[in-house]
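As written, the chain order gives the labels A, B, C and D, with residue 1 at the start of each chain.
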């Protein structure tokens, strides 16, 4: 089928490529055009504007933050102006729950259909179509997106008709990862003072207790201090922690651990580590 | 072989029973004598004092906290007074790193051998001899303890000659569990306000990302609010968080997440939840 | 002279009244018109729109938050559209440093002059023209505002040409008050458990050590739990704490105490205390 | 009258000197004897042991912490062993509420009288007999101490018969100071990034709002970074924050701000600032 794809960073490019591979006619748009051109040999049509990608009738967006999505959605030559009646917008980006809800309303007001569908996974999972996907929002948007999501991920969870629910789950999933990273950072710093090898701690506590591959992986990265190149940039980690705080605040809820994480990520950014992998927040604990 | 066992709570009784089953002649002591008598039919000799248990030449202790160990070790009719030269004390309890180090020194001063050997696992793992064990301290103490530990756990990690290292690892392992519980508590409280089922969150985030059986288990307990009977009492969880803070403080290290956990556990105790399972600390986040 | 005044809440009405008393011809605007009409008998002209107030050439705004100021400044019939070239906008509101900076830029772009001039003091100080005022921004705006500020406050501090500086000082001044309130809340809760009278604590510690009338006053309010009617609403206190966090974040700075305060204010709001005096945040500590 | 004085640091020496000046026959003891000898020319009798000072029938102690007091009270040649029946022990030290309570009990058990009487003030206030004093405990101990306290301070507050009450007030008074220091540290760090002079902030916010000489003084010290020589050492500040946490914990109370302060003081100690003035904790916020 014909569809549009806006946002061709590491994640977006890998996902768009899988949609092309699956036989779809994909019209791609990216602000820095070269990244769009890179997909032309694989069969993509390169659009001049987000509007052009949206005019296909179904458009994905995969962008860095609320403000980037706001621009391609509401801006001049943007998606909302170009998407036909009953057209579908699937937002794959990790954006705020509040903003996602407002976006849903704007699409409804324009007679369009919107679903939030953030993904779990790093670029390599995106490349191998092994993302875990959550989706919520307009029923028909979900229905039309389902077969497409099957081409880019290994599993999709449907979370109901409130689009922001998908964002809340994604944001809190990321918070749980950030929390684990910070916990390892604080623990390993103490172990270091006692001359205890953090890898042995990991072997004992994760190998026999938690048994989580993700914990093992992050634990090793932190123990080895492998923070470059960034799999997920620390400054984006800060953004996500702030989204978690905001999502809680929107429902009048404190979120003490997220507040603590915000402080730590900010300190890391102040120490010039914003471009490193977010697991580098662990270094704030080293004294 | 002949050995002594002091401290017959849920954990201690299960462990002592496994030592008896393994063919050892076990002299047991417990402050509340009835718990010691309960092991007599299985072949235990019941001691009147800790000293009597220690006079066997090798004694295990499994007690609630530093102060309980201090009493049986240093008190009148205590272990240090009765253990023969080169006798061995294996401390299975979750005690402070600083206190464990002082205990090691006292045994050395008395020409005795000491190893700290805290265990990971709840009473059911103790009963089925599936504990994960860490041990550190005097070389010969470790060597003599090894075959005995094989009878009570499934895996033993040796952490060197500094006894307190084993306690530091145990304390921080427990901190990591407490941290996970608190994180689930805060996240689930927010999800609740959004009408999102915490079990679905668990299925998505643990089932596809973390893949940790322990996280799944605790997540379910918290989602279902199954806090009675306590597998591990909240007031003991507070004790362990305080041990983590103290172990860090002993090496001049801040421990911000542990400080936050201390506040939450204290609030739970103030709310009258000290006797519930420690996962009930999650209820502090419910507003 | 002729001038406009937008925003006639408790603070704004008191200030506008003093400007009228000082002999100025004041054109007032308020969204809820009745509050504007109330000033007509005293000599005010009632405007239909913010634009009408701005067309006088110098306009004050005193509104609840960034969004309210944004609306009267940028909205249809707003200030920026109506203020003549070289016209002056003096913002008395407690607004964000970042937003104040953007507002300054918008006025510059329109050939207008802007200064941020937040005030310290409660409605009674406003009524008696005893406010403490800080001002920063465009030189000529400050020069023209000075004699007017003398009519509404007892002291004005000039903080340079960067408008946001005035907001940063105001926001952090409020943070210091919020911090004092929370500290009293936590301390008094502990004293209560020991049966110690918080007023005696105040007499000893403030009376002999700090000697601050403001601390004495807030300490008494908290000890007596006099939270109604609100002198300054708790939900506005939360807003200000968030402004402090945002102002720090804009320069990549952590702000751990403000993060902690945010949690406490949020908890108070979640407990339904948003309309009470902000000193009611102290009740969160009572267990 | 005849009395003993144990502990001749900066504070103790100044206080003992004032007691001598007031005409009392003072038998002084200090672990490092030279400090005791320094008072001989002024009329003091130099004791060999705490017991000797206690045998006078009324003994003051002014020591660094719980452990120092424990040693002179319970140790060999200690106070409890030497104080006659109905003899009085007045503890001027800033010690833990829990420990003070246990000390009270030990004196009661020995038929002796004890009052906790911690003092507010730095060495210069001690020298000029301008300390603010709180006292609680045994009625007769208080009665007999009163005229003596008048010779060393300007005001004494009586807090009832529970000795620990005096310690709780003192500890929380110090917490309030520490809190103010940390607040200034965090605020000034943010102001610095905005190029705002912290002294101007102080002039505005303290000069017009708080009007506290203590805040002005500490604010200036922090703005000028005058941390040497230490008026009150940072490592003792950490001790006091920990006493505040412990006093709250003893009554099952969280104390979130104190927990945060503990983290900051620990970080300062880890940065090698333990011997500087406690206001140096403010430097932790500088990034």
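Assume contacts are C-beta pairs under 8 Å (C-beta built on N, C-alpha and C of every residue); 3 or more make two chains touch, one makes a residue touch a chain.
If you're wondering where the values come from, they're calculated on a predicted model, not measured in any experiment.
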item: Copy-to-copy rotation for subunit A and subunit B - C-alpha atoms, rounded to a multiple of 5°; value: 180
item: Of all other chains, the one whose Cα centre sits farthest from subunit B; value: C
item: Numbering shared by both copies at the subunit D-subunit C contact, with half separating same from different; value: same
item: Of B-C and A-C, whichever chain pair has more C-beta contact pairs; value: A-C
item: Distance from the mean Cα position of subunit D to that of subunit C, given in whole angstrom; value: 39
item: Intercentroid distance (Cα basis), subunit C paired with subunit B, Å; value: 54
item: Centre-of-Cα separation between subunit C and subunit A, whole angstrom; value: 38
item: Multi-partner residues of subunit B (at least 2 other chains); value: 252-256, 260, 263-264, 267, 270, 287
item: Parts of subunit A lying in touch with subunit D, wherever the complex brings them together; value: 267, 270-271, 287
item: Subunit A partner contacts - residues on subunit B that touch it in the complex; value: 97, 120, 132, 134, 155, 157, 159, 162, 164-165, 168-169, 172-173, 175-177, 179, 182-183, 186-187, 189-191, 193-196, 200-201, 203-205, 208-215, 247-248, 251-258, 260, 263-264, 285, 287
item: Residues on subunit A engaged by subunit C in the complex (per definition of touch); value: 249, 252-256, 259-260, 262-264, 266-267, 269-270
